[in-house]
Amino acid sequence: MAPWILVGLFVIGPWREIVMFRGRARCVRAAGAAMAGTLLLAAAADAQVPLQRPGQQRPWADRNPDIGTGQATSLAHAQPAPAAFAEITDETGRHVRIPQPVRRIVSLAPSLTETLYALGAQDRLVGDTDYCDYPPEAQKKPKVGGAINPNLEQIAALRPDLVLMTKSLNRYETVRALDDLHIPSYATDPHTVDDIISSTARLAEVLGIGEAGQALAQELRQRLTEIEGRVGELPRRRVLFVVWSDPLISVGRNTFIADALRRARAISVIDTAQDWPQVSLEEVVHLQPEALIFAATHPQAEARDFAALAQRPGWRDLEAVRKSRFVVITDAVNRPAPRLISAIEELARQLHPEAFSERPRTSPAAPPGLESRTADRDSRASWGACACSR
Amino acid sequence: MSATAARFPATDVRLSVEQVSYAYAANPSQAPLFTLEATSFQARPGEIVAILGPNASGKSTLLKLISGALAPLSGRVLLNGFPTHSLDPRARARRIAVVQQESRLLFPARVWEFVLQRRHPYSRGLAFESEEDVLIAKNALAQVGAVALNDRWLDQISGGEKQRVILARALAQQPLLLLLDEPTLHLDIGAQVDLLEALQRLARQNRYTVVVVTHELNLAGGYSDQVVLLHRGKSLRVGPPASVYQRELLEQVFQTALTVEMGGSGRPRVSILSDS
Amino acid sequence: MQPLTLGRLFARCAVLGVVLLLVTLVALKLGAVPVSLYGLGRDLIRVAMGKSSELASEYRLIVFDIRLPRILLGIFVGASLSVAGASFQALLRNPLADPYVLGVSSGAALGAIFALIAAPHLGVAPAVAALFTPLGAFLGAATTIAAVYFLGRRQGAIDSGTLLLAGIISASFLSALIMLLMTTLPSSNVRGMAFWLMGDLSTPPPRSLQWFLGVVFFVAAGAIYTTAADLNLLLAGEQEAIHLGVDLGRVRLVVYIAASVLTGLAVSVSGAIGYVGLLVPHAIRLLFGGDYRVLLPTTALGGAIAVVIADTLARTVVAPTELSVGAVTAMAGAPFFIYLLRRRLT
């Protein structure tokens, strides 16, 4: 109705001016007339356009074939309208009414896209963001723009049963806009490694594939336990996690990355309540971390960048740089998705190589020199295996 | 009371400036930076009064006091018997038209638009200008011989033409009293004479009372009926040009050697002696 | 000689109204999802005949629930910003005045951010809390314009150059404060603001707020309109205006408050969309002359047209990814600003 009120105001506006120009009526009377007119018009518009109340079922079966992208339309008639709904509360505390079963999903975060693939629900994914690049097949899905500014009409055109969002990346405005359009959305909000696993299981539950979710969660927990078993007793490495090198941005204590570091028996030298603090190099020189951690899609390129970085003032004063103690791991560590466990494995392996050698552990106190190495492709392969097992 | 006042019956006096004084001060506790000492003169309809004096003699202050923009420290300015300062601003604007020293326009406007703007004191509510307003504006342009300029842009006409338009703009106000602050400032000598002749003709025809601030001795002497000679905030002499224009007095005020001779029409003519 | 009459005013408004209608139709047609012009026409007629229930659900969703509200928001924001711009130009007697250039938009943005941060801690109903953002934006705008006004005065008179400098300084100071807030606050609400600050129409305000915005726009724009004739005289000179019986204090107060309200509202729903308030009034002056009684309503329509066009470009040029509408207006507006500056200097 509200748009019609605005239309009304624009239509009524000039009339108010007529009255005022003639100089017969006082401004107040004219303004009153305009408001009354607007109300009338709004009421008329209200009567004309049947409003869709929240929760009212949209006639998804009645789809117009001459709109929307081709691949979306081809599916339109194959699927019956969902009959059942589930009332649930998402991780941000919103009550959402989600159709059961969920057949068409739009993901607004790379991590959620990865999670869907990991759960084997990729066939239901009908759209994702420009940044959803993993697994590579995800890039071929219809795009709905960025995570912060998704294109609402593209989302609507994909006719999703459910839009997935994550609080740390998406905007509340998007949630509200989708609510206004009566498109159900479900938001996750994981802050720790455990959260990510349970969040994945919950999401699977919502999608009606609870068993797959349980299996995945169990497998991930098992792998964490194994890491714990190998490195749990070792001294923690004091590290600097480099999110961005210029300006230097690291991670705060409440991020899942900080938790991932802890799982790999490392601890961030930066300890702030702020999630993505910009840190001065001076501070880092003062703290002298044992190792620097970089995340990269292409570890070789990152290693070259690191060589350049090591030449720069400030950085070359770091003990870790002088001794070339840096670790490049897969950028999966940046995404709160199941692949994070692989990143933790990789990190633990590189920070504590002695724990992963087959030889029994020697003196844990002797710090071994850390060598730069490329990312371990094994972890990605093992992730692929677990995706296939669904 | 000055000598001129006595010559006219009181009912005929339109503008009466009575012992008006003023003081500028940076703040009330300090000594005033500038004072205008008690000044008096009277003017009838159709009369031109020139306020004459060198820079910083108090000419513009006196004009502001007359227009009612400033409240006098003592004395009063009466227009048809009412103090100008205490008139309602819109009522005052229907009686007094002020032509300021040139003010820059921010956006280009057409001549007729510019003239019509001065019908504002007569506007009712948000109503646009009526047919009558348009007629009055056209008439005002006709009176200064500027009808041809009607549709020109204001920033594309000459200085003399612009000054005529500005005068027409003041006439559109249909005032009783016309106040002009240095109207000839940026005009060449031909345009100056032109303007003052127009002013004189209009004052006679339409019975305006005109007060012109100027430092041009010959223009004041040639066209005004009365001269108020100001020097350092003091009115030294008030009267017809012939009685005010005395060589010693003018030499003292303007700090230069000059000669005064009387023309055939009884108007004084001043020449500056350049080399002395 | 064409004195202003009601008929002439309406003719001018009607021309722009028709343009706005056409632009709106084109904007309704264009978008990430293709819609045929025939289908659009047919469905508009259906809606006009009150048979909107016959519409296909996608049409209703994409064209009427997503595009139309966004276009209407663009109309509202464009009209507000350009009326505010025209008002500031008269109020400050400066042809280069614009809410964005003077830092008023930044002030409004800062006020809105403060309100967003404070609202959850005050424990009021969400409907009331939604009003905090525009209120904060208004206070921010009003404070900034007052500061710029007093900083821009030299020897009691407004100096054009000093005023612009004051505006630029205020804008960068306020932007720095915004950066400070955005980097120090952990709240995830603040992060998306970087995008919002660039100017963003993609998410219309909550429906409860739309009512409020529409009504307040007409009250504020109407209040400015009542001073239109006074603003004409003010532009011819402050002393002139006083001598013509203009109550300068009252006019300034009304225009100052109403223009701040308009800027605050526009910024609170769309971020800082720059240069609309500068470009549109000047373009309209070239078309229809500088009389504020014509300028104000036509500039509102012109601003609406400009922002709807800019936003349509923003959402179609690299679809489905969206540009920020502020980037589009700045691309068109900044060169125009330089042109005006140079023309004034020569």
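Order as written gives the chain letters A, B and C; numbering starts at 1 within each chain.
FYI, a residue touches a chain if its C-beta (ideal position, glycine included) is under 8 Å from a C-beta of that chain, and two chains touch if they have at least 3 such contacts.
These figures come from a predicted structure and were not determined experimentally.
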| item | value |
| --- | --- |
| Central chain (by mean CA position) | C |
| Chain whose mean Cα position lies farthest from subunit B | A |
| Centre-to-centre distance between subunit C and subunit A (centres being mean Cα positions), rounded to whole Å | 33 |
| Centroid distance [mean C-alpha coordinates] between subunit B and subunit A, Å | 76 |
| Averaged-CA centre spacing for the pair subunit C and subunit B, given as whole angstrom | 44 |
| Where subunit C touches two or more other chains at once, by residue number | 6, 9, 225-226 |
| Shared-contact residues (touching 2 or more other chains) in subunit A | 20-21 |
| Junction residues of subunit B, two or more chains touched | 126, 128 |
| In the complex with subunit A, residue positions of subunit C that touch it | 6, 9-10, 13, 31-36, 39, 47, 50, 52-53, 56-59, 61-62, 65-69, 72, 75-76, 183-184, 186, 188-189, 192, 195-196, 200, 202-204, 206-207, 210-211, 214-215, 217-219, 222, 225-226, 297, 315, 319-322, 324 |
| Footprint of subunit C on subunit B - complex, ascending | 67, 69, 88-94, 96-98, 100, 103-110, 112-114, 116-118, 120-121, 123, 126, 128-129, 133-134, 138, 150-151, 173 |
| Touch list for subunit A against partner subunit C, complex | 1-3, 5-7, 9-10, 13-14, 16-18, 20-21, 27, 31, 34-35, 38, 47-50, 58-60, 62-64, 66-69, 130, 143-146, 148-154, 156-157, 159, 167-168, 171-174, 176-177, 180-181, 252, 254, 273-275, 278 |
| Footprint of subunit B on subunit C - complex, ascending | 1, 3-6, 9, 89, 93-95, 225-226, 228-230, 232-233, 235-237, 239-240, 242-247, 285, 289-291, 293 |
